[in-house]
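Shared between the two complexes below is subunit A, which pairs with subunit B and subunit C, respectively.
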Partner chain A sequence: MSTSLLNDWADWAPRLLDGLGLSLKVTGLSLAIGLTLGLVLALWSSAKRLPVRLPAIVLVEVGRGMPALVMLQLIYFGLPDAGLTLETFPAVVVALSLTTAAYTSEIIRAGLRAVPSGQLEAASALGMSGGDTQRFVVIPQGLRIALPTLMGFAILIFQISALAYSVGLPELLSQAYSVGAATYRYLDVLVLAGLFYLAVTIPASWLVARLERRLNRHL
Partner chain B sequence: MDHLVIILEAVPTTLAVTGASFAVGALVGLVLVLLRRTPWLLVRGLARLVVDVLRGIPPIVLLFIVFFGIGSGAIRLDPFQAAVIALGLVSAAHLSEVYRGSLLAVHRGQFEACQALGLGRRTTYARVIAPQAARVAVPGMVTWAISLLKDSALVSTIGVAEIMLVAGQDARSTGAGLLPFVLASAVYIALGTPLALLSRYLEDRLSIERSR
Partner chain C sequence: MTTDPSAGQAILSLSNVRKEYAGHVAVDDVDLTVSAGEVVAIIGPSGSGKSTTLRCINLLEVPDSGTVSVLGRTLDTARGVKHAELMQLRRDVGMVFQSFNLFPHLTVLRNVSLPQERVLGRSRKEADERSMALLEQVGLASKASAYPPKCSGGQQQRVAIARALALDPKVMLFDEPTSALDPELGLEVLAVMRQLADKGMTMIVVTHEIHFATEVADRLVVMSDGRIIEQGDPKAVLADPQVERTRTFLSAIRDR
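Up next is the complex of A and B:
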């Protein structure tokens, strides 16, 4: 590797770091909003009566069935037509939150269902109400079971945040692309951007694998 | 109605990108998983690094590296070729993990039995291990195909005229705003649903418990 490439990388790094910061911000916000919505959707789609849970199931299936890029462009380019214009940053956060909600609701639902039925029986033997049972018994244990998968999804949504390039949000990929356009050194700068993404995703996936082993230790 | 026709005309391109990338991924993934099971530590480590890198980079970044980085320099790649190479590599990494999981699901006793019978490495894999691993791998492969179908939308960013690209153009040129995107979503869901049903059916059909 030539030193001139390393020098260029050092020149570009601050700009890409700014982009990475924005990517992480978008990811964090979308996860915070999306996971909350995902929990609501998970509880809603576990309702006993079919007519009650049907709208939740349709929402989840639509959200999971459409590509994240379509969701993003629909919200940014499509919604202004329906009278709702969003700035770039909120549009990206809304789109990624909705995608997160649809995917995580299924992950959370699987976690809630994996809570042993003996826990429910014990709660009802103690005379706990339905709401209390969910809040104090089922949800805490279900979320713990779902945690490794949720963290795996968090890595995925960080990768998906690169799609925000297509609506012009100056996140990591956009920054790299505009450096490339200015210098005509697309390969060099895009590889550096790739390394930045890997610097987050690879340690994160090790962490998830470790957590999974730890949580399964007593099972 | 015109909006729907425009999008439907782009469906073959989406399917071509998805199908070709899947085929590339299925083959390269097989090579990767074999490399990860060689006795040589260095080869195993390198294969694992390749898989981790391909899975760790956002697919759109890999697509840009292939198209703008490599495909505009010494080699000329048209958008379709770049799309198939990039999504094919991503698929290879994911499918190699699917294969690897399915090989781990084959009981160790099967390998020992082959050894006891004096079967060669090739016969062991081809006649004994692969058929059993395939039961586990096939539903996972179909699940990946569904993801890939949706990921194919991002090749619109390098100018492949698939569903997402024509929907976006239609929205801009006709001022129809929302409708083309809603139709595009509906078409993706319509294409993905049969695959999802197939995956569920195969999982049911191929599970070992059932066949015993």
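Up next is the complex of A and C:
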């Protein structure tokens, strides 16, 4: 590796770091909104009566079936035709939140269902209401069971945030691309961008694996 | 404590209770009246409808027909039960399960206090005081801040008893409370139950512990094929069963 490449990387790094910051911001915000919606959808789609849970099931299936890129394009380029225009940042956050909600609702639902039914019976025999049982017994344990899978999904959403490049949000990939366009050094700058992504995803995956082992120990 | 059920006032009665699962009759034509302070043990082979009968009392299973009456409030199960009626019933009747069913993510103390706060509206302080008194009673005050998975099965079951008692039930149901336990740990639980019986709690216990049934119960009820086939004073039933099915069941237990 020549010193000139390292020098160039050092020159580009601040721009890419700005982009990485924005990527992380988009990811964090989308996860906060998406996970909340995901929990709501998980509870909604667990409703006893089919007509009640049907809308939730439709939302989840559409959200999971639609590619995130299509969702993003639809919101950013499509919705203005219907009179709703969003800036790039909110458009990306809305699209990624919806994708997150749809996917995580299924992960959370599986976690909630893994709570042993004996505990539900005990709560019921104690006279606890259905709402209290969900709030104090099922949700805390269900989320804990779902946590490693949810964190794995969070890493995926961080990677997916690169799609925001397609609507011109100056996140990590966009920054790398504009450096490439100015210098014609696409290979060099994209490798650096890749390293930036890896610097986040590899330690994060490692953390998830550790968390998983720790949670399993207590089962 | 009395051995004559007619001496106390009836606190609970099942009348003509029937429960079917997909064509299989689990419980049929069950009549059972329990007096205040009485301890009733239900025995019988597996699949005889003991647990289903117990679960029909607090409507964890809603019978297809028949009435359940607790403290003078009669519920006709075929007509459907209102939510408020169900909640009242659950307040009056406590239940202990074979598999304890503690909430593993909450400490022992929270397990006992949470239902008091949510169901009876007690303050955290009030609830904790009551919980500690009950944990003391079952010999587990030192485990208050432990999590259930760190406790032995016998300890977990005693916590489950404290959790149910904390809501001041008038009747306690025990569904094979020692079946999941080593014999030694089972003894701790039986000791707590005996203590409770001595204090005058009305108890219905589904059990395979013939010794407990003889020593503590006022009445022994024998079930087979979803029906009550025999009942009476435990010692009398064990010494001289009147029904052939009871005889074969008892000899099977004794032969083990």
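Quick note on the criterion: the second predicted complex is superposed on the first by the 219 of 219 C-alpha atoms of A that agree within 3 Å, B and C clash if a C-alpha of one lies under 4 Å from a C-alpha of the other, contacts with A are read in each partner's own complex, and residues count from 1 in each chain.
What we mean here is this: a contact is a pair of C-beta atoms (placed from the backbone, for glycine too) under 8 Å apart; a residue touches a chain by one contact, two chains touch by 3 or more.
The model shown is predicted, which means the values in this text are computed figures rather than measured ones.
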Exercise for the section: Report for A:Gln159: first if it touches subunit B alone, second if subunit C alone, otherwise both or neither. Expected result: first
According to the stated criteria, A:Met128 is in contact with first (subunit B), second (subunit C), both, or neither; which is it? second
Check: Thinking of the overlay built on chain A, is A:Arg144 touched by subunit B (first), by subunit C (second), by both, or by neither?
Finding: second
Max touched-residue count on subunit A (subunit B vs subunit C) belongs to chain B
Pick one for A:Thr36: touches subunit B only (first), subunit C only (second), both, or neither. neither
Check your understanding: Who does A:Gly194 touch here: subunit B (first), subunit C (second), both, or neither?
Key -> first
Task: Considering only the touch criterion stated at the top, classify A:Thr88 as touching first (subunit B), second (subunit C), both, or neither.
output: neither
In the superposed arrangement, does A:Ser46 touch subunit B (first), subunit C (second), both or neither? neither
Quick one: classify A:Ser178 as touching subunit B (first), subunit C (second), both or neither.
neither
Subunit A contacts subunit C in the complex at 116, 118-119, 121-129, 132, 136-137, 140-141, 144, 218
Per the touch rule above, subunit B residues touching subunit A in the complex are 52-53, 55-62, 64-65, 68-70, 72-73, 150-154, 156-157, 164, 167-168, 171-172, 175-182, 184-185, 188-189, 192-193
Given the complex, residues on subunit C that touch subunit A span 58, 60, 87, 90-91, 93-95, 97, 99, 101-106, 114-115, 118-119, 149, 160, 163-164, 167
Residue set of subunit A touching subunit B in the complex reads 61-62, 65-71, 73-74, 77-82, 159-163, 165-166, 173, 176-177, 180, 186-188, 190-191, 193-194, 197-198, 201-202, 205
